[in-house]
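Heads up, the thing below is written out as structure tokens.
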Amino acid sequence: MDLTYTEEEEEFRARLRTWLGKALPELPPKPSPDDWPGRRAYDLGWQRRLYDAGYAGLHWPADAGGRGATPTQHLIFLEETERAGAPYVGANFVGLLHAGPTIAAEGTPEQRARWLPPVLRGDEVWCQGFSEPGAGSDLAALRTKAVRDGDEYVITGSKIWTSHAEVADWCELLVRTDPVSASVPKHRGISWLAMPMDAPGVTVRPLRTLAGSTEFAEMFLDEVRVPVGNRVGAENDGWRVTMVTLSFERGTAFVGEVVACRRTLAALARTAKANGRWDDPVLRRGLGRLHGEFGALWRLTQWNVSEAGRSGGVPGTGGSVFKLRYSHARQELYDLAAEVLGAAGGALSLDEEWTLDRLSSLSYTIAAGTSQIQRNIVAERILGLPKGR
Amino acid sequence: MRAVDFQLTEDQRDLRGGVRALLEGRYGRAALRASVDRGEGVDRGVDRGLWRELGEAGFFALRLPEEEGGTGLGLAEAVLVFEEAGRVLLPGPLVATHLAAGVVPGAARGTAVVTAFDLGGPFVAHLGGADAVLGMDGVPEGVPVRSVDPLTPLYRAAGPGAVPEALRDEGALLTAALQLGSALRTTELAVRYAKEREQFGQPVGAFQAVKHLCAGMLVRGEVARTAVYAAAVTGAPGEIAGAKLLADEAAVRNARDCLQVHGGMGFTWEADVHLHLKRAWVRAEQWRTAAQAEEVLAAELLAGSA
Amino acid sequence: MDLTYTEEEEEFRARLRTWLGKALPELPPKPSPDDWPGRRAYDLGWQRRLYDAGYAGLHWPADAGGRGATPTQHLIFLEETERAGAPYVGANFVGLLHAGPTIAAEGTPEQRARWLPPVLRGDEVWCQGFSEPGAGSDLAALRTKAVRDGDEYVITGSKIWTSHAEVADWCELLVRTDPVSASVPKHRGISWLAMPMDAPGVTVRPLRTLAGSTEFAEMFLDEVRVPVGNRVGAENDGWRVTMVTLSFERGTAFVGEVVACRRTLAALARTAKANGRWDDPVLRRGLGRLHGEFGALWRLTQWNVSEAGRSGGVPGTGGSVFKLRYSHARQELYDLAAEVLGAAGGALSLDEEWTLDRLSSLSYTIAAGTSQIQRNIVAERILGLPKGR
Amino acid sequence: MRAVDFQLTEDQRDLRGGVRALLEGRYGRAALRASVDRGEGVDRGVDRGLWRELGEAGFFALRLPEEEGGTGLGLAEAVLVFEEAGRVLLPGPLVATHLAAGVVPGAARGTAVVTAFDLGGPFVAHLGGADAVLGMDGVPEGVPVRSVDPLTPLYRAAGPGAVPEALRDEGALLTAALQLGSALRTTELAVRYAKEREQFGQPVGAFQAVKHLCAGMLVRGEVARTAVYAAAVTGAPGEIAGAKLLADEAAVRNARDCLQVHGGMGFTWEADVHLHLKRAWVRAEQWRTAAQAEEVLAAELLAGSA
């Protein structure tokens, strides 16, 4: 057990800090949340700067154009960029974290050459077409259908919870190429396709969340034609291909968020001190408890990262453990924030950033696997408890 | 032989049924969503037509004596009516206007919209177009703030800065009744969704985890119902504090669990669940917060134990 | 909605109070917890006094020797006896609340004449032989077997969680008279028998709980012979016969306990005031919250009782709702008590009654249907959610 | 290239494995139940033979420099050893004797039994037959009280009446490690029972409600583990307070959930689960309570946020 960074790691951190100190002030002003083209340009611009400085695809293998950094370097990168207030991965999210790694692992040399460099350089934006209105937790029940017609698939169906769909160039799409039957279980018969978003038949409609924002979209596909050459992996093998993506994750998924939560908690303590609520032991101890909680979550992140480092990048089951606890803690944080602010302090006003963040926190126990699904995973895969009848 | 009967009387059932029918007709789901859409970004004030209809139906004058144009009913009946209003998320300063009946001209008949500084601070709800503020002469200028609840416009204004103390108990109880209605409604919404939505080849409500979420919602709702009804019958400050505490908790936590049962769909603007949660957050801050209610109860406990 | 008692009810209460004021001081000293014969004698003595005063079987129908009281009168009875510190039903529990009502509802005239008067008079003690080591939550999976041999059943098996077995005269026993098979589901093939506890082959062994006490026993049955005439109801119909018992319950099961908890909470507030913990808002507000909680539980009891009164004695599903909430609240109460006392105040010492009660409270979410089973009942029977695959 | 590595080193794994083997052989389940039976109603004092064996195994001298007869290891290794002790519910004033090594003669080798007034009041554990009390000259007279934990005899005695402040952090951390071991152990007990026990025709662990109880236990244990290990590496008071808080919660709540998973069987004296719960209750009161830990963390949060 060692929590001190090596000399190389400290150097990496120092270089990064220096660069961030120089690069961040040069950024253009942040676009407004509903200026989608502006957000695309801003996010791609940041990615291009990372690329030029040698930080793009830090955690990607070298043969995919990445830097082959250790998980700890990646952790340092995420920690430092968050601390410095650098832009989030934003529109580059799917390309850098899902579609890109999938292509890197499963694509042909031609596919890698076509799609990976534009992601790293910040030239192209990807979105994700996995979930469907009828297939949420039960993702493999997806029904969007692709029928082979010569060299093309003809695709019909609908997708939901697609972020950045309005400005994406490509969509990593899961489709059913073999209908479910007695001999074809639902996890088979799925294929992974790269769909150009400007293909005829693709309609994107913004999906409004309870926070009032339109971060997500619904996507309707009406006989969209995609070349067979855009399929990554074998036909009907898309489920396995998709799962490969996860092996790039290496415990770093929530590093930035945990760092941000710790900063938020400190700000909340200052607010409580300023408005007098600090003198109420119920609130003060609640803040202390959450400080302990997020401290542990930060350490758990380091633990998961170093475990992934040992196992050579294969993610442990630590991800489910972390997500269960973190999503709950994040909701607690914003509930406590509302108590610290109180009605008189603006807890009911959207003019306070806390309130919007509180609304967003509600999705954490649902998105990317509900807490119920995560508990099943922990119970069945880690603890080996049997599936029910 | 008659016995203590905590159950609703025939008249009370009729009253509740009548109010439910009225609100279903006048403020069903389509009306709710229309007022959400209409209110986007700007406070268009209370729907005066609806307000008058509520007035005519006795919503505000319920507890006034008949000679003053009321129906001479009690807190128990008022609670039943407010529970129904909470179910359908009826907007507007219902509690304040009800409390103003017989005090502020027009409140009883719903021709006046009356609000109150019931948030313990500089914020006041529904100030735009309000005719009066409980316990104040005249209506102060207010600066609109963006409210978390699209159906409860909020203003920052100079006012008494405190809840009108004499009305605090009744205000808290009626607000608890609104919360109760919401808690019962989100239970229904969750159960309906759990029966319809299929995942992994069966309704999600067949999964024990979802089942138990729903069971917890029902329990919270029933405990809150008992507390609210009992407090309405006795009118005791301690019971009212307990009712507010339990109803706030039921409304907020049931809305949260309802959202969880709905999964991603619950996170959409289209689903009604966020409207329940946001309103429940607002109401939890009105008249008596949880911390205040706990202190009232603690003091009563100690006094009674001497 | 009305929470005022009628004149008749207030008269009933006043008479009862007067009688309690006279009867309680005449009681002999309470036996020690491990003096089982002494406890039997004490409990039966109290029952005899109730009988002589006309309070025995208050809630039993008149044709079973009871007083046919309303649920509200029964509630008043339980409330007043608890407030006055009268003895608990103790050794008479099964006879008065389970076996007796079952015989009253389902027994032949001869069976009623044989078994009911001694229960009401305080002459005979019953115990319950339902649960088995392998059949807890899944009670119908019981395997204790009864084989017909002429006019007798020959019974072999074992039972668990039998209270007062050491001093009982009779046991209400559930046995399997028809083995489970494709055509016999587990709820069929069960019969209800009255077994004399002095029959050869009955062995009772005390079962120690985590509180260190031996309130319960295991019972081993080795070819015990019971006359066929001791069967109540038809052969193989014992499950239905047993469920009938519940229809006597009428929401009053926990009246005494809720009254007692409210008294305990008040004592805790006094203790907190005396030891200074009252000044800690975390504890003070916790006590206030529990005061609200138990206030609501008391009202819920009244609600359930009045609902049962309306429906003519058929219990609502309110029982599961109440039990779920109450068992949790009771555990919270004793956890808070431990916090109020603190280590310095004896929270870790069994010399404090609180500590023993805290240990006992741990069984509340398990006994008589775990919280998990209760939630299933609420979800399936009240909310109509479907059974899983 | 080497990286920050939070995982256990090979040596640490070996150490833990060695201690686990030692304890399994020397204090397995039969020994545990025998000491419960032996201790019934009377404090027979610490098992001196076992204590010496622990001493020989380096349990107490672990962190002493080699020239003082220790093994020169650090808090991280001590935490691993104490975690194992917590798993098997090893009785005796382990933490106090460990802290006394190098201070009280014989503590390092396990020939002396040293306890401490670590309960923040007049109660002290394992006073009967103790050779010394940390921070005191001589051993005061004590009046035995009936302890909730059959393996932690308690006495009321006149002492400093407070936890030895200089040792509070280390004491709290090592106690947290004991709690951690217990929390991990009750998870195993629950999972094993859930796999074996059948009801309604399947193992109870196949029911989602039971499954999710077990998943919650694992999560609590893993979060506590990370907090305890990290605090051992950094030795920071805030991290130690957090570790104690989280490990106390994990130990108590896991024992409760383990009991729930066991159903009626968990309520028996025969099952070990009550021994874990009772010990967890005792340890939660030792060195640093939850309220104290929260205050430490709150102060650190505010100081760090300035």
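Which chain is which? They are A, B, C and D, in the order written, and residues in each are numbered from 1.
Everything that follows uses one rule, which is that a residue touches a chain if its C-beta (ideal position, glycine included) is under 8 Å from a C-beta of that chain, and two chains touch if they have at least 3 such contacts.
All of these numbers come straight from a predicted model, not from anything done at the bench.
The chain pair with more C-beta contacts between its two chains, of C-D and B-C, is B-C. Mean C-alpha positions place chain A and chain D at a centre distance of 39 Å. Work out the mean CA point of chain B and of chain D, and you get 49 Å between them.
Across the assembly, chain D contributes 207-210, 212, 291 as residues in contact with two or more other chains.
Residues of chain A in contact with at least two other chains: 280, 282, 285, 372, 375, 388-389.
The touch graph of these protein chains is complete, with an edge between every pair of chains.
Across the interface of their complex, chain B is touched by residues 131, 134-138, 141, 160-161, 207-210, 212, 280, 282, 338, 342-351, 355, 359, 362-363, 365-367, 370-372, 375 of chain A. The touching residues of chain A, counted against chain D in their complex, run 1-6, 8-9, 70-73, 75, 265-267, 269-270, 273, 278, 284-289, 291-293, 295-297, 299-300, 302-303, 305-307, 309-310, 318, 321, 324-325, 372, 374-376, 378-380, 382-389.
Those residues of chain D that touch chain B in the complex are listed here as 207-209, 212. Residue ranges of chain D in contact with chain A, taken from their complex: 1-9, 12, 76, 187, 191, 194-195, 201-203, 205-208, 210-212, 214-216, 218-219, 222-224, 226-227, 229-230, 232-234, 238-239, 241-243, 245-246, 291, 293-302, 304-306. Residues of chain D touching chain C in their complex: 119-123, 145-149, 152, 154, 198-200, 204, 207, 209-210, 256, 259-260, 263-271, 273-274, 277, 281-282, 285-286, 289, 291.
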